[in-house]
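Okay, so chain A shows up in both of these, paired with chain B first and chain C after.
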Partner chain A sequence: MSIIGKAKEGERHLLMGNDAIARGIIEAGASVAAGYPGTPSSEIIENLAKAAKERNIYVEWSVNEKVAMEVAAAASFAGLRTVAVMKQVGVNVASDFMLHLSETGTRGGMILISCEDPGALSSGNEGESRPFAKLFEVPLLEPGDFQEAKDMTRWAFELSEKVRNLVMIRSVTRLSHASGNVTLGPLPDVVPHARFKFRGDEMDPDEGPVVTFPVAYRHTLMQTKLAQAVALFEDCPFNRYEGPEQPEVLIVTSSACYLYTKEAVDLLDVQDRVGVLKMGTTWPLPPKYMEKHLAKSKIIFTVEEVLPFMEDNVKILAAGLAERIGFKRFHGRGDGTLPAVNELNPDLVAAGLARILEMEYTAADPEYARLSEESAISGAPQRDLAFCAGCPHRASFWSLHNALEIDGREGFVCGDIGCYALGSRPTGFSVSKTGHAMGSGTGVASGFGKLGRFGMTQPVVSVCGDSTFFHAAMPALVNAVHTQSEMTMVVMDNSGTAMTGFQPHPGLTADAAGEEVPALDISDIARAMGANVDVADPFDLDTTQRKLLALLSKGGVNVLILKQACALSPEKKGKKLYNVTLDPAICLGENCGCNKLCTRVFKCPGLKWDSETKTAHIDELTCSGCGVCASICPSGAITKKEAV
Partner chain B sequence: MKQLYGSSELIEDVFDRDLCVGCGMCVDLCPYFKNYLGKTSQLFACDLEKGRCYAYCPKTEVDLGQLATAYWDRPYEGLPLGPYRKIAIARAGEKAPRGRFQGGGTVTALIAHALTTKRIDAAVLTGRDGAVGVPMVVTDPDDVSKASGSKFTASPTLAALNGAIRDGYANIGVVGTPCQITAVAQMRQNPLELKDFNDPVGLTVGLFCTWALDTRKLLPVVDECVGDACVLSMDVPPPPAEIMVIDTEEKQAQIPLSKIRPLVPLGCQLCPDMTSEWADVSVGQVEGMPGWNTLIVRTERGEQAVDQAIESGYLDVRDLPEENLQGLEKAGAGKKSRALEALAEKGGLNAQGAEGRLTLRMPPEAIANITAAKRG
Partner chain C sequence: MVTTSLAADPYNMIITGVGGQGNVLASRIVGNALSDKGFHITIGETFGASQRGGSVMSHLRISTTSVLSPQIPKGKAHMVVALEPTEALRVLHQYGNRNTKMIMNTRPIYSVGVICGEYQYPAMEDVKRWGDQLTSASWLIDATDEAVKMGNAILGNVILIGALAAVGDFPLDKASFQDVITRTMPANKVDINLTAFEKGMEMVQQHAA
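Right after this comes the complex of A and B.
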């Protein structure tokens, strides 16, 4: 088990933000943790899973984020402390339940942890979830460093129990995935006992049924709870002010932006001119506390990532307080002082602050900046995002591309979320022409597949991974079958939630803690739904293309499962299926009519063009031995022999 | 000389203008061109400046004068049936294998004999999978009759030629339509001057063709007519029948030609060749004489192949009645003048400059002859 579950009180450890959050959950004595993998959130559940046995925590990777929140809520209803963990897009998935949960309230302390990805380093969007706290009237906390990540998490359970509602914690990549020193608190000695009490009156918050009726009463209750939270936020150690009594500029900030802000103030050496109001309780903002600090300066500069959420709330508060605190000038993401999109960094904050203070500031010597930009363009090889060597997705997309081109009716793929979202890029031969949320490929395809009556003759294909199939594609497939859509769904089953680090899913035989569980068979499910189902190995290009071509012309809803484990999967790692060799004497190089098919089009990183011999060759270190390139070379220069 | 370009120009000139007839010449030459259900597609863009795909394609520029000098050692004159040594009627002799012949089984007999006598080491033929033409490479004389009977669909037969060449066959017999025989004739000239090129074709048997049908357009029409039943043969009886007859195991069905004519690919309408003029021998039907074929012998090696087949009892040959010859010439001249008109309309006849890439080249005398034949 990990250090998170066993290190003692008072010990000081270098912890990643997600480790600190997990430790906070353990110190709070939570009994249940449920989540769905998603960068940058995944390590929290993984850490808890490692400590699950020792700390008697039930940890699960749920089928999706909504179910994760429902599973976690059940524990709360039964009186236990509980947590749901997800990345920011997952909160969208869970949001329907979240609204209703806020209406019914909670019993055992329950927190939602949303880890967000400003700049979309690992996401298909730059969304954020803080507005959900406002929308659903639940308290929101944002830790500003690693110690707070732990301490606020632990405190959030207490807060939840005080206000009897869900408490939301928002982290960001630079907190979740960066590391800092954390002093640990005591490990609790809890003996949890679960019992769901429902025999009380409908209005009884402790022993009545957990329902949203009567709605007006419940909604009033929600707002009362929020007011209780605000009262607690008025005097909360996670909010603090640092700086002179009457600063020229008051910076209001939270989360990792607090660290950027401190660095920016140091960079500009303006500690005497600028005050920093670091907020840990960002919704609702405590009005009295805010009034005290907003009164300090005429200029309010809000530093936060993604939407101007806090900035807008500060403006609303300031408008109401204007009589007492005077008129303010506001800066932030809203007015362009900070860029409206993408991650922030100390330099961007310093640049924005310098403009407000009318100071000269250049992040780097312009000559240096010019040289570094030049060398980044000319010095680094041009690399698009690409599938790994031996990735089954490359083989699957190759067959999809070729089958659609050979079919020749302008067929296309509706993409989905996972590594295979790269199906829209050259590494996936650009076959994916739509890409949205989890499971949306099949939903969109189900819709396209009904447009035949309006003259659409293009074959429609959706792709989805094995984990995505369970997460959100199943209802879409049901829809397609029921509405008699015309489409083919390709399940790229690589035996794990590969993109986020091989977390288990319902198709596998081990759970989050490694215990044996029954696996659900995707082909059985699809068949039971009424789809025409076939299975192939994507490394067998001929069979895969033949089956795809047949399905493209077959009516109704077809499902083709392309099953091959991820090249990086723990079960495969280090082991090659084949020893693949390229005979430079057979490779015709530039004289071949193939026009460098393997290195120009197929582009597996294991294949290299040798500019001296003017032939292709195989980089043995990179090659993972899938053997697919041997099926592609028209000259037969590439051969594969089963690896012993 | 034919101007040579790469696949990008092939796509622009032929595919994008919907002129591809799916002959199969570019298919499997390289990994980029494939044919499925009669339609040829390019899988990925290829940036080579010159390619065999463009050079061999019968719908890119074709220089008939250049081919005439190479194959006939005389200028291209636009004769209705092209130059020939002999013209006759023929049918399979008693030694020839039997089959479900369209006419007299002359092609089956000639190819079976050429394989038996090792004149050719493989034959590239077109089989049938229902209404879809399927390229075949045949080495056993007994298998030749599996490909007997007209397909009426534009079929990617020459993909099998490319396969046979790659498999090392060096004296291949090819049976094809005029577009396919034109493609093969261009290929045999080695226009890219490839160093290791050896003419791999030992005998070409050209088929008469007034038009072919787009497979993908034909399939739903056939489906509607015969359902799931497997098509065994097709025929267009002579006028004034105005029907296409389809035989299946269960029944015989008829489709009015008015439903069939719209299925003729655009590329066929620009074709001036009814009798496969660049073949060693050409074979077609004889009007009013079921069970017989018209046989046109054009080259020396074609003549040898025919003479030996007759000697060995594979082929019966008789004189072609004069009125049949006249009828055939009239039809051949008609196809030429129609193609000329269509080409002139598209600016594709002897065009120069930027528009000169997609064109058919022939001497002015030939144009005059074709125009005169129409008037006469």
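Right after this comes the complex of A and C.
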């Protein structure tokens, strides 16, 4: 049951930031929501999907972020409130459309929510999308706590309708995936009616066609809209100042960094020396409001994640205002007061602030730190990211590794984004040698496959997941076929967008709200594109390796679909395919020539090496019963029996 | 208004473990039970890629007055609840102090580094010794073993919540726990979770005796 769509006005709930944002979308009466899964953004669309029926919202997991923004924009053009949701890298994908959208403007309120990941807690990068707001001249908001996450989201739709342009909201992992108390607002009664009006004049923003021409006129309009937003930002409840009238240091901050900053001021007990300017409207910064507060202190310390985006904009503003507010000394991520990379926390902010105030600050008791060092180093062995027990990717990479070794021409794998990015790590037997954006494995492989004319003889394989195939790998495959590249693409089809929580994709028969939809078949698509297509079960190591080995020297563009559901998928979780047992009497342990193949090399968390008996063991609680290890044990000590 | 008292205000607790042990659920249950009583709760969670066998941490902060940073400052934890022994040591080093209390599940989960022999998992005596040195009070509990007896290892997290209630640093009781799980879990799971909660309480009470 989703409380987000049902709970009444005035109720107080402990909500995750993403829940609060979803509630704000519902309170605003949005009719359409589209997104592509990506941590830490996915729960917003998931929550809306749960409330879709009762709140009459059309919710979709789109094929990728650009299409999500296009789908959402259509609703705006037809006069409805609408939202596109994605993680930071998704905004890169959507950015081409986003610029054009900013030129044409919007009708029904439209917001973009980007949930970003400072510190790359669950990303391949810590890129940020705030510069896009500046680049494409759209207003940017950043909530500073959980209540604001809801209230600001709701307000963003009004703002979008006032300025007739997209409004961007940026959250971060420490808000989206953190929780706090939120008091709810009313649920609206909206009876949306969609109609796209296009019969008006080209210049008519309400009834004309939605196009970017004439460019100079549209660009001027974009800037007028931005100026309107700035005027509203001058008096906005999401910006506030807390502290003395003339602080020694003025901290300018936003987002989760506001909470770190408050904590840091308390840690140092400097409430009477430091002022905190908490900004919710971070692009453009309202100049009059900023002037009033920048005038308060000679020292300006900007606390934000990750790039010095606000810091640079504050400096530009302050340079223009210098005659009136005087010269300032600036601190932040730009000058090393805060680390230039990675996420922040209260201690890092406190340490930076202490340096500015010339105070002593040590985060923890040094004696305790010394005492706990031994246990933390020798008592807490590192936990590297690894494929789960029973993960089909482990089996797939095992076969890829073996096929490439047997082939013997120094072949390699080009990977991209998904759990299978671990193909470059030990549990993927380090076969992936390139790793970039969604679908890039196949694009890069398409390029490698054309280098034969320059003497390259290494076979190249790309890997991509089933959701990634639709998201961005299809154009790359088209390219490979059309350019007559030489490559093999392995689609690791685990029946869902597994890494982010099994969101559906176009290859599946249910949509975001659980309604039945037609599934597109990956092998049919690849065949229609002109690739040579085969399918195998990755748990069948022999067949998979044989097929891979043949494809490596076949020439042309080959696609091998390795189909096996994720071990954590709803249909598999908690159910074992096989009961797997290990006979310690047969396991030769250290006397076997295999040199602990099952634990040292195969590295499944369901296997343990018992250092006393010097044999392998199955960890019953962790083993998920895929049975693959039975195929790799050379002495036949591991057996599998179909589970009943 | 909150009428009940906290051992400290704000009270800082870290629930830690390995992805898949029910860390997040545990923090939500405790957070919701205390939010129902009118406290301001802030929870910061580290999951995502960590759900695949990595270390996970939930920072739970209980306050009578305000929302706080979702990351607890270093050295400022009052309580560490560990679903896995070595994760307790990892967290204590960063967030512990001499007055930190600890509830630890004794069941190890080996990382791939340990499985393949690259790293050594510490001996339980060492874990106990370090635990004693680094905390003012600790409860080592065989929560997973008990949970397996009840039919599902995942109940280990609820056993630890019961243990936490018995320690009594904040007003978490069976009634408030029951309210939350009745609201958030399927009806057929409520009884077994209540049994697990009671088992955890009992284990701490026996520990003290």
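We take it that the second predicted complex is superposed on the first by the 638 of 644 C-alpha atoms of A that agree within 3 Å, B and C clash if a C-alpha of one lies under 4 Å from a C-alpha of the other, contacts with A are read in each partner's own complex, and residues count from 1 in each chain.
Note that in this section a residue touches a chain if its C-beta (ideal position, glycine included) is under 8 Å from a C-beta of that chain, and two chains touch if they have at least 3 such contacts.
Nothing here was measured: the structure is a model prediction, and the numbers come from that model.
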Quick check on the superposed pair: does A:380 touch chain B, chain C, both, or neither? Answer first, second, both or neither. second
Contact-wise, after the overlay, does A:419 reach chain B, chain C, both or neither (first, second, both, neither)? second
Greater chain A contact set [chain C / chain B]: C
Does the superposition put A:549 against chain B (first), chain C (second), both, or neither? first
Once chain A of both complexes is superposed, is A:634 in touch with chain B (first), chain C (second), both, or neither? first
Taking the superposition on A as described, I'd like to know which of chain B and chain C A:181 touches: first, second, both or neither. second
Looking at A:406 after the superposition, I want to know if it touches chain B, chain C, both of them or none. Which is it: first, second, both, neither? first
If we overlay the two complexes on their shared chain A, which of chain B and chain C does A:597 touch? Say first, second, both or neither. first
Can you pull the chain A residues that chain B and chain C both touch? 601
If you look only at chain C, which of its residues touch chain A in the complex? 18, 20, 28, 31-32, 35, 40-50, 52-55, 67-75, 86-87, 89-90, 92-94, 96-98, 109-117, 119-122, 126-127, 130, 133-134, 144, 148, 153
In the complex formed with chain C, which residues of chain A make contact? 12-14, 39-40, 121-122, 145-147, 173-175, 177-181, 256, 259-260, 262-263, 267, 345-347, 350, 363-365, 368-369, 371-376, 378-388, 419, 426-427, 499, 596, 599-601, 603-605, 607-609, 619, 621-622
Partner chain B, residues of chain A touching it in the complex: 401-402, 405-408, 429, 549, 593-595, 597, 601, 632, 634
Using the touch definition from the top, list the residues of chain B that touch chain A in their complex. 29-32, 34-36, 39, 41-44, 46-48, 51-52
